[in-house]
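Structures for review follow.
Below, chain A partners chain B and then partners chain C, in two separate complexes.
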Partner chain A sequence: MENQSCVLIQTEWDIVAARQLGRNVAKEVGFGTVDQARITTAISELARNIYIYAGEGQVCIEKIIKNGQAGLRIVAVDKGPGIPDIRLAMEDGYSTSGGLGAGLPGVKRLMDDFEIDSSLGSGTEIKASKWIR
Partner chain B sequence: MAFRETMELKYQEILKNYIKDQSETALYQGQKFSRKSIENQVTPEEIISLHKQLLEDMYPDLPKYVVHSFDILLEVILPYGVAYRENQSLRDQKRELRSEIEIAANVQQTLLETKVPVVDGLDIGAISVPAKHMNGDYYHFVQDENNSISIAIADVIGKGIPAALCMSMIKYAMDSPLENRPEPSSVLENLNRVVEQNVDPSMFISMFYGMYNHDRHIFSYASAGHEPGFFYDGKKDEFQEIHAKGLLLGIDKKTKYIQYEKQINQGDMIILLSDGVTECRTDEGFIEKEVLMTYIKKYADLSSQEIVTNIFKEFERRQNFQLRDDFTLIILKRDV
Partner chain C sequence: MRIPILKLYNCLLVSIQWELDDQTALQFQEDLLHKIHETNASGVVIDLTSIDFIDSFIAKVLGDVISMSKLMGAKVMITGIQPAVAITLIELGISLNDVYTALDLEKGLEKLQQELGE
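Right, the complex of A and B next:
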């Protein structure tokens, strides 16, 4: 995809790089400051999950356009252990009660669209997009 | 959406007023604004962003460090907004769950329904009230062709939904033909096998099973670890605990139960209960059995159904209307 840039996540500092990339693209697309903050928070969450649970992976940011509407998509991919119970991980209160941050439901709330694919042993891919209103 | 369109202007006005005179009125306006914005699902990060933008518009030469500081505030507050929305959705889920439980409780009531038999000379009253929505206590009457009435009263050790589900099973085990010996001890022995085979090993059931022979006025009974009830001797005006030994249902499939018999005379009463009655706790501690007996005597002239209902009301009041355990009380009075 021509409009895609990626950041490899290996250390905690890469989370910052992913945020920075996301913020730059969000500005280019034309998101306001509040949405920029929402997008970067979602990126932080996804990149942090990779860093903590998979050890390594990447976060890509794409500009997207659908029906004349501009937006941004985050694609977070890792080849880590995978999520054993996706429904549980998507349940409100499951990750937040352990103090793990916004969790996947939080990412879903911060963004407009959310897709997750994960299988045990082969990794996780999460796509989350947000559109300019 | 009307609020969102005007909220910028409203906020600006409140902000201006407060900057001018720091009045309590302006602060109060702020609080009212907050209520409206929560109602309209405006997130905290949106308010901070609005605040920052208005300040920059109103004071173009605002120091840069003040402007930048809002970015940190925005970043820090944003997760609070997410957590707040999560809480709201959890609250909605809780409401949904509660209505599902209420439906389940209704289904359970229909499943476990039993009719109190109407027999000449024997006045029967029964009440069973769950502490929460679903009942872990159970009672059941069977009137058979040999002119006798069987009464089962049971309590699952444990409370709430698992206990209630378990009870529904017991009812069906009792409905299915239990060989051809309706004697209390063999009924318990049969049920014990069913429970031992079908119920989670951590769940036990206590049950008292009695059979009142209406021709001979003999009450035969057996107990599987159930809270002892009382006989009331009308002539002597005395209560006597019903003695019956036996293991809880579900512990050992080979358990045998001893059957006892008691002659019931005119004016006597049989009082059966669950531990929710004797373990009623008030702020001053457990309600003593003597209290129960006092109440029975107090209402003894009423019908059995009125007695149990009145006693429940007294106990409910003593516990400040918060039942801690399911409450079941049955009274049989021999009138004639």
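Right, the complex of A and C next:
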């Protein structure tokens, strides 16, 4: 996994660090400005969710290649309380923190692939990838 | 770091020049409202030309400060939203409805003066 870099999320400054890392990797992979903005925004949403709901966790950015196509994968992991109702959390406008409720459904739209795995009491893992078109 | 807020005639002028962290955004919200109160400004232009992404938190802070300013009698104009920012905001599901916008600072100031003149 030499193509992976991670940021520990413990404070709101780490959210800034995670998206800066993401933007740099997105540039290296060769994404254009719009995709860089999509990736940066997605990382910001995922990192903020960790900070707000789990308190701490990790965001990793990986360079990936599949069938000769280059891409970037965000892996956001925490050992927080988990998401009680994933379907509800994926609904636009749903938030338990007074936010806009745009985070998770937004990330799914911004990225090409999106996987979420969460269990109550043991944490949440979200993987989201974007491919160079 | 605080975002500078300049007074220009009856308006306030804000140009956000670096990536916003949460604390700076919230501080800006408070600073802007105090400045409106202090200066009696009837309009505000917030220029986002240098901003290359807006996430849902920053969008909420921006939307809130626009509503708060409105409560205090000041109209807010957002200018300089980059193509990538417009695309990601809408994909994220945030439309910032009922917000006055203009392509750049110059057009924004003109449009705001027209709005205020009516």
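FYI, the second predicted complex is superposed on the first by the 126 of 133 C-alpha atoms of A that agree within 3 Å, B and C clash if a C-alpha of one lies under 4 Å from a C-alpha of the other, contacts with A are read in each partner's own complex, and residues count from 1 in each chain.
Keep in mind that, in the parts below, a contact is a pair of C-beta atoms (placed from the backbone, for glycine too) under 8 Å apart; a residue touches a chain by one contact, two chains touch by 3 or more.
Note that the structure is a prediction, hence the values are computed from the model and not measured.
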Worksheet item: Aligned on chain A, chain B and chain C: do they clash or fit?
Response: clash
Discussion item. Contacts for A:Arg109 in the overlay, against chain B (first) and chain C (second): which applies, first, second, both or neither?
Written reply: both
Worksheet item: Counting only touches as set out at the top, which of chain B and chain C does A:Arg38 meet: first, second, both, neither?
Response: both
Worksheet entry | Comparison of chain B and chain C by chain A residues contacted | C
Worksheet item: So, A:Trp13: does it touch chain B (first), chain C (second), both, or neither?
Response: second
Discussion item. For A:Gly82, using the defined touch cut-off, is the partner it touches chain B, chain C, both, or neither? Pick first, second, both or neither.
Written reply: neither
Worksheet item: So which bit of chain C gets in the way of chain B here: 19-27, 91-99 or 109-117?
Response: 91-99
Worksheet entry | Shared chain A surface residues [contacts with chain B and with chain C] | 33-34, 37-38, 40-41, 92-93, 102, 105-106, 109-110
Response to the item:
As the complex stands, chain B meets chain A at residues 43, 45-46, 49, 52, 71, 74-75, 78-79, 82-83, 85-86, 89-90, 93
Item to complete: Under the touch definition given earlier, write down the residues of chain A that touch chain B in their complex.
Response: 32-34, 37-38, 40-41, 92-93, 96, 101-102, 105-106, 109-110
Practice prompt. Show which residues of chain C lie in contact with chain A when the two form their complex.
Written response: 19, 21-23, 52-57, 59-60, 82-85, 87-88, 91-94
Worksheet, complete the sentence: Listed in rising order, the residues of chain A that touch chain C in the complex are 12-13, 15-16, 19-20, 33-34, 36-38, 40-41, 44-45, 48, 92-93, 99-100, 102-103, 105-106, 109-110
